[in-house]
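Next come two complexes, and both contain chain A; in the first it sits with chain B, in the second with chain C.
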Partner chain A sequence: MPGIARWLGVLMLLLGAPRPSLCASMSHTSNWAVLVDASRYWFNYRHAANTLSMYRTVRRLGVPDSNIILMLGDDLACDARNGHPGRVFNNADHSVDLYGDSVEVDYRGYEVTVENFMRVLTGRHDPAVPRSKRLLSDQGSNVLVYITGHGGNEFLKFQDNEELMAQDLADAVAQMHEKGRYREMLFIADTCQASTLFSRFDSPNILTMASSKKDESSYSHHNDRDVGVSVIDRFTYHTLEFLEQVDMRSSVTLQNLFGIYRQDLLRSTFTYQSALFSRPLNRVKVTEFLGSVTVTEPTQEVYPLSNKERLLSSPRLTSAQVPPQN
Partner chain B sequence: MAGGPSGPDRRQDPRQRDRGGAARRKKPVVLLIEMCLRHGWWLAWALYGLGAAWFLALPMVARGVFFDENALLPDSAASGFRHSPVLATAQGLRSRFLKETGGGASGQAWLASEMRALGLDTSVQVLDMVGPMVNASLQCSNVHGILRAPRGDGKEGMALVTPITLNSEHPGAQENHEAAALAVGIGYGLLAHFATVPWLAKDVVWVVTDGRCGSIHSMEEWLDAYQAKAASAIGSEFKRAGTLQQAVVVEVTQPTFDAVEIALEGYNGQLPKLDMYWLVKSLSSRVLGVPMLLSDRQADGRLVGMGRLFGSKGSRDHGYAGRLEAMLSFVGRLALGTPTGPHAAFKPWAVDAITMKPKLLGPGALGGPKSSRLGSKGRVVTDAGAAMVGLAETLELIFRSCNNLQEKLHHSYFMYLLVSTDRFLTIDLYMAPVALFVLAMFLRAGCLKAQAASGAQAPNWGSAFSLSSQVYCGSAALSLALACAATPPSLTLSSSIGRSLSSGAWGGGDRALAVLSAAVLIGVGCFETWLRVKSWRRPEVRPRAPPSAADVGGGEAATPPTHGAIIGAAAATQAVAICTAAAVSSAIVCVNWALAFVVLVALTPLTLIINPPTGRLQRAVNFMAILLLSPFAMFPLATALLTPGTAPSDAQGWAALAFSELPLATRMFWTCTYCPLWLLSILCGLRT
Partner chain C sequence: MGLLSTLRLSRRPTAQQRQKEERRYNELAKAGKPPGTKRLCVILSVVLFVVMGADVVDECNKRNAMKEPRCVPVWWRTTSVFRPTLPIQRIESWAESIAARPLRLPVYLEIWIEGVGTADAFDSVQKCAWDIHNRTLEGMGYKTITQKVFPLGIRIVQCGTLDCKTVASAGDFLPGRSEGPCFNISQSTCDNSSDDALLGSIERAGRAVLGSYVLIVRNGQGSSAPKVCMGKYRHAVAHMVDPWSRGALQSLASIAVDLLVHHWGQGSGPNAEKQGGQLPVSPASQVLMSFSLCNANPNDGYWTWDFDRFEETWLRPVLVSIEAVMNVDVESQVLYHTSTDVKTKYVRVQHAHVVKASALPFFVSSEWQLDSGRTVTSRNDRREINRTHTAHLSSVLSPVVLHWVVFIPPSNRRPMRIVDDTTGHASKTNAFKIPSWGGVLIINPSKAVNESAADRQLHHDLEAVHYWEIAAVFVAQLRGLLGLPETPKATDSVQSLPSEVRGFADWEVDVLLRQRAAADVKACADTLVALARVMQKLPNLEMPNFIGAQVVEALTAGESAVKAAAAGDYALAVLSTRRARRLAEEAFTHPSILTQLNFPDQHKVAIYIPLFLPALVAVAAALTSEVTRFLKRRSVSAAWRNAHRSSAG
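Up next, the complex of A and B:
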């Protein structure tokens, strides 16, 4: 019997059969978010507003900045054409300033490239890249990836200069699966022909949401006549409208979220792909991807410090006065 | 049997035999070419007819004008001018201008001081005019002020140009003065408003040019100084704002308006980008609510083109007659190559510029007095103050869109034909007729050459005028190459040459190149004439000795050339002439499409009708063709059909138009290409 099992295992490895989804059975220990605005220039203001709106949402729902990789292709808050310098709005009523003082942009301007995006996903960085720019997810992480910009059939334009192809994205995600860099992933794309970008995925535990299908454009929602540009896209606008009623303790499911998208609201067809996802959508809470999981254990014990650390933590002694550690 | 040809009927040389043997295995391409050449005359006429029919069908396939550049974001923002506090200041300035400036140079100086008071970087440029046409006591000056964008990087600028004419002695001075006040009020109000807005990213340059020295000329002088064309201009007191990216010229000639004309055409048919036109047209139409016009009107609003024969309303008429009329007058203006506004000066510096001309046409000018068809557009802006606010609001939105651009218009067509104010044709559609005409001419030349080849089989001409095929082909090719090379420089330089002519100061390089191009073109014509005349001289008839064995190597005994040989020689020279004409026309297409088109419409039938005169009938036909298609007939006809507004009334006027008022390019083309070819047609067609 063991011999047969061993041979079966070898055979499966040889045939490259997908491994059983070990990931889903791992416990969910952290949340990460990669938010990408792939466009630049003033007339793509709404893409930055989309991304910043999602950034504010995931932060509000508990994901800390250390777990968010925010990539903005252009600095529109400080563009000379911005009549409200330092502020980015997603609504003509200017009720929320998305930028403000507490935004942490990890990849800015010309750093937002296809190469950097792929490096973030696969974790293959130059040794000098700081921790804040790395996606340090593991087998227990739920990863949210939100992309917006100008897209086409199986590609996304980065900075009006280069394209991210659907096959490359699928390969990066396959690498992530091999390396155990995620437990479950949710991809959201608000671009034209968005669903084609995710058409090559074949890794397990992937769920995708796309604002339009092939040969369809995604539209902007409304124009702000003060700023002079469209400030938000339809898909993101309606998503945010729904997420306004969601907070950290909410048990709203993805099924509820998917139900709000209608053709007449979006003027395009909302498409999702759940074939690679193991769990049913009405059992997946929105906060499992957009919020954060933190396990807190209150304890009475003191964290065990070494002798040197204890002395250093005292304010009266400098390191020169600390006796050498045995 | 080996040996050279020994008589007119012997065709036994080895090459002939091989060719005969290979006839069974001819390639399909060769067969096709031979078939084309056999029926060439009919085929060429068919191509000409197809080209003409294509052109006449174009107005119906024109598509609607649309915005190509996404970055423009036209009309996305609300205008703030109407509610701005600077409005009162601008109105005050307008009335102060009327009171305090009485014409003459004091107007410019006063303006400069007001600009400085507003906080603009101001400079005054005094134009030194030379030449006999300028009144020596007249001194023109341009004034410009620059508003620096506080958060911009200062590398780019947008220009607002308001030409004014302050002429106290001129009749109509009062109206000019009020119009100048309106223009100045618009510029001042706009700049004052821009100083308060938070969204300005590019510097704004407000230029007030002096119309007394010619609005186009003074614009060119200002631009030369801005671009530091002369070394003396660098480091002088002339203030600059970085690279100018877009420019809007507002040419106000009356204090009130009920229509706005948009002038597009520059030198040699150069046009601004279509997005620039559509931006101005759509915003003006929405904000002002008055009809928009192309330059197909005279000053009193009457149509310039031939459409009034069909009762069309010009560019505002969307029926076939109206569109055809608008298209023909557009082509006519492009062919003429005369600029229709000061914006033409910007194009050589790669600045997208356009001219707006608010006009008061009167109630009956646009198809009846306040007809119900005009609807809400039947407005007359009767108050100069309201005119100022409306135009300033429109310009604010235009400049805001230009401000949104990254540098310049990266997309958008710059070669197009407008068939109405909102329909256009792209170059792939309107290039086809010209290509068909040129193809017809080359086909005709090919047929004639084939005819010449078959006709000149006769050997033993006197060496005086028989050319070996290599020399013949070589000389033909050389003349074609020279003709092609000569044409574009002469046309591309014509704007600067034309300016040099008008101001009397020739640049050395310009003059040399113009003279060289003209010389080459005329030289080619002379060379072809020489070829033709040379073929007329035939050797005298001499008795011929019977061929002996010693003559086997190809005796050159003179025999009278056969009729076929004579026709062949005529056909050969005509073929070379037609090839040159077609090649030169193709070269001109690259520079000024409309000029090439207008000339080819006449030149192609000329080459097709003229046949070597084989008999009296053919000679008569040739004579009629030469008469009807002569430059003396074609030039007035073209002017009457395409731009009747410029048609002079007497012979002196025609002479003036032909020899001094037309742009140099057009003149050079008519005199150096069309006339020599027409003369050659006389030589080819009337005498064997």
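Up next, the complex of A and C:
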């Protein structure tokens, strides 16, 4: 018996021993987030609330504001119909003011266009566009793109005026891939027929999450009788409910997240597309996309610069041999 | 209304006239007269006008007009995607040649040996030169040594009391005069002043140039394992007893290989592209250094700095020395109320509030307004716009921003020290760096002790020692971010002198230049290939014509860089690689390129049917009525002629 127990123990060890992670050595170096609320008007309050909730979450998980591109289709906090001026809520209990402090909206109102969205993704901006409005990611960056609004089969409406086509999105991502503007990308869409928006992707290392499949609508979660409209969508609501349990140091994976989406909660079918993604989902931490962890290296010694007296008496300050600037 | 109707409307006949005309027409038909084709021609030309487009009517009147490519209808032309033809073939072949033989700037080592060797020694010297050459390539990581993978030249010069002559050489890169200069080395100690003194004689010898290094071997007292004194320029001095002996030459070879592989020749290995690609420099070589002085709690005293003076005294010499590698813009700000989320604990042994090193990733809060408010166009860029003729293409690339944070903890948490988790030792620098972001330094200034509560002053200036500390940490961190050791590393055989004023030795700048040149050429090739592939892959991507010209320009610059590198012209090679990369990147990221022409088929139908259907109905109806009329008359007249012929026959 003891022999069997020992062998069992060895077997357990072999099976349960944590395998060395293949991806640990090539982890990402920065995190970026593009959060888009594509619709406008007061009755689309919930889309702005969805986006601001995601904004709040990624900030809480450590993504600095300079790495978040926030596009809000309409300024609902200052809407004449807002009974709580300057505030936006995502729950009827009004526990969290999403518009509280230091929300930096990068693209607002009429600036939220398909063109600007494409420019953000491809990095093709007019020189006058400030840095804070640009996605300055590189081939070490993990990029999160969250889109909400009114969608249809292979399109998403922007501002009730124009459409973002699935092919446009796929083309932009193809160019991002060619230019090395991301390492891995996570797309999240909370719209009707959301999965169709991602149907044209063919670039590697793309993971998509969609609130509904083709010919399905995505629904709002609940109405706020005080605000007068519904304040959040089902898919985003349940996502946030899960993410509230996550903090910067958490090791919760996307597999865990995908497990919470049930038909009876969403009233639509959650779909994800991982065919273009190279890693198993139970190895991908939620914070790899929604959070940001910095790598720091302590400085061991100061450089032995001379003190000021010697600096001023030194014979050679500049090097004459450097080539001129281009 | 169709165009035909418009034509007919110009002189519309009355109903009576038309009836009269029809009657006459029918009578003529019955009289056996065949129909004329004039009317039909007019109608057909109108149809052609509509189908072929207004600008090609003249062409279409000719017989062969249909075959002409100019006969594309106007609407087709206006709705089709416009793009220049890129020299895809040329791009691909150039990229392949770069991949097969990456750009490497040459490295040239000259060894000046004091004293006169015997004839016996000269045999082993030649062997020694090749030994250094091959072992260096091996040490750099090249698998094949036989191929000319990297232009490296070794030359050994005998420096007697009267004349100097080359006694051995190896490698394929040997510029300059073959005769070395006579020189008189007075250096005996390894310090900065003797290093500076030597520079003069090296410069007179014409050897103090980019990529060219001199190892001076003195005959004199020295141990069997000589220590090399490597200065902050491009030369080093070794002392050896009887350097021309066989044993001395062997250890000399080891020293030379060590110097080339670990110091002077860095940035030439097989992975130079990768090293260069990791430098925090934008494609247009722009770097914006943003210095922030962060007062965590200003309510009980805050510090400000005289940044202009600090920049002039400490930063300028450093930034000037790396000017060839990057164009640096500097900006500064003082921030208040920048509290950190990291918890500190007072440790009696350290007499300090301790921050664990493992907590440092969370030290900089995203609430701090470190963001540079600048737009992308920097001072240097604007200068460039004025200078170049391609103003429309300038400055679409954003600079890399490096943040340098000087953090002053609140008074109740001073002094604050960073302590290593495992060893428990306090950090010597109290600073840490964040790769490709910048560095953070915690300083603990103290207020004047004897101030009374009554006239307690809140505002203080940083003292000279703080400026020195900030500058010294900045240089160490910047060197770290650029992939160099933070402080000059001393090995068993090499003692290296720090560049006390500039922070970077001349040869270190050479290393960075080589890495950048290699990385820039590769980036240029990759970007052009990416652009070509994007164009082939996305048929709906529109592109203005000048992008094509820009691509050709980038290619030309890239090709000339390769040529310059082969000729050993550092300055031109560096200029051309940088220009090639900037042009290529600007072509790719130019704001005028945008995919927005993906329309679904339903959309196209919905747009064009309302436009074309009404016009086509009128044109088609007119055409059918005219043709039937023509056919009818022809058959009637033919019938009459048949009847008459048979009656006549």
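In the analysis below, the second predicted complex is superposed on the first by the 272 of 326 C-alpha atoms of A that agree within 3 Å, B and C clash if a C-alpha of one lies under 4 Å from a C-alpha of the other, contacts with A are read in each partner's own complex, and residues count from 1 in each chain.
To be clear about the criterion, contacts are C-beta pairs under 8 Å (C-beta built on N, C-alpha and C of every residue); 3 or more make two chains touch, one makes a residue touch a chain.
Since the structure is predicted, the reported quantities are computational estimates derived from the model, not experimental observations.
Colleague: One more residue to check, A:228. First (chain B), second (chain C), both or neither?
Modeller: The answer is first: A:228 touches chain B but not chain C.
Colleague: Using the superposition on chain A described above, determine whether A:241 touches chain B (first), chain C (second), both, or neither.
Modeller: neither
Colleague: Quick one: classify A:43 as touching chain B (first), chain C (second), both or neither.
Modeller: In the superposed model, A:43 contacts chain B only, not chain C.
Colleague: Going by the touch definition up top, name the partner, chain B or chain C, that contacts more of chain A.
Modeller: C
Colleague: Taking the superposition as given, does A:215 touch the first partner, chain B, the second, chain C, both, or neither?
Modeller: neither
Colleague: Tell me the contact category for A:59 with respect to chain B and chain C: first, second, both or neither.
Modeller: Touch partner of A:59: chain C, not chain B.
Colleague: Using the superposition on chain A described above, determine whether A:131 touches chain B (first), chain C (second), both, or neither.
Modeller: Only chain C; A:131 stays clear of chain B.
Colleague: What does chain C use to touch chain A in their complex?
Modeller: Residues in contact with chain A: 196, 199, 208-210, 285, 313-314, 317, 320-321, 323-324, 327, 357, 360-364, 366-367, 370-377, 380, 394-396, 398, 401, 418, 420, 427-429, 431-437, 439, 464, 468-469, 471-473, 475-477, 479-480, 486-487, 498, 500-503, 506, 509, 526-527, 530-531, 533-534, 537-538, 540-541, 570-572, 574-575, 578-579, 582, 588-596, 598-600.
Colleague: Contact residues on chain A for chain B in the complex?
Modeller: Against chain B, the touching part of chain A is residues 41-43, 79-85, 223, 225-230.
Colleague: Give every residue of chain B touching chain A within the complex, in rising order.
Modeller: Residues of chain B touching chain A: 70-71, 73, 76-78, 149, 151-153, 197-201, 400, 403-404, 406.
Colleague: Taking the touch rule as given, give the residues of chain A at its contact with chain C in the complex, in rising order.
Modeller: 29-30, 59, 62-66, 102, 114-115, 118-119, 122-132, 134, 136, 154, 165, 167-168, 171-172, 174-175, 178-180, 248, 293-308, 310-311, 314-319, 321-326
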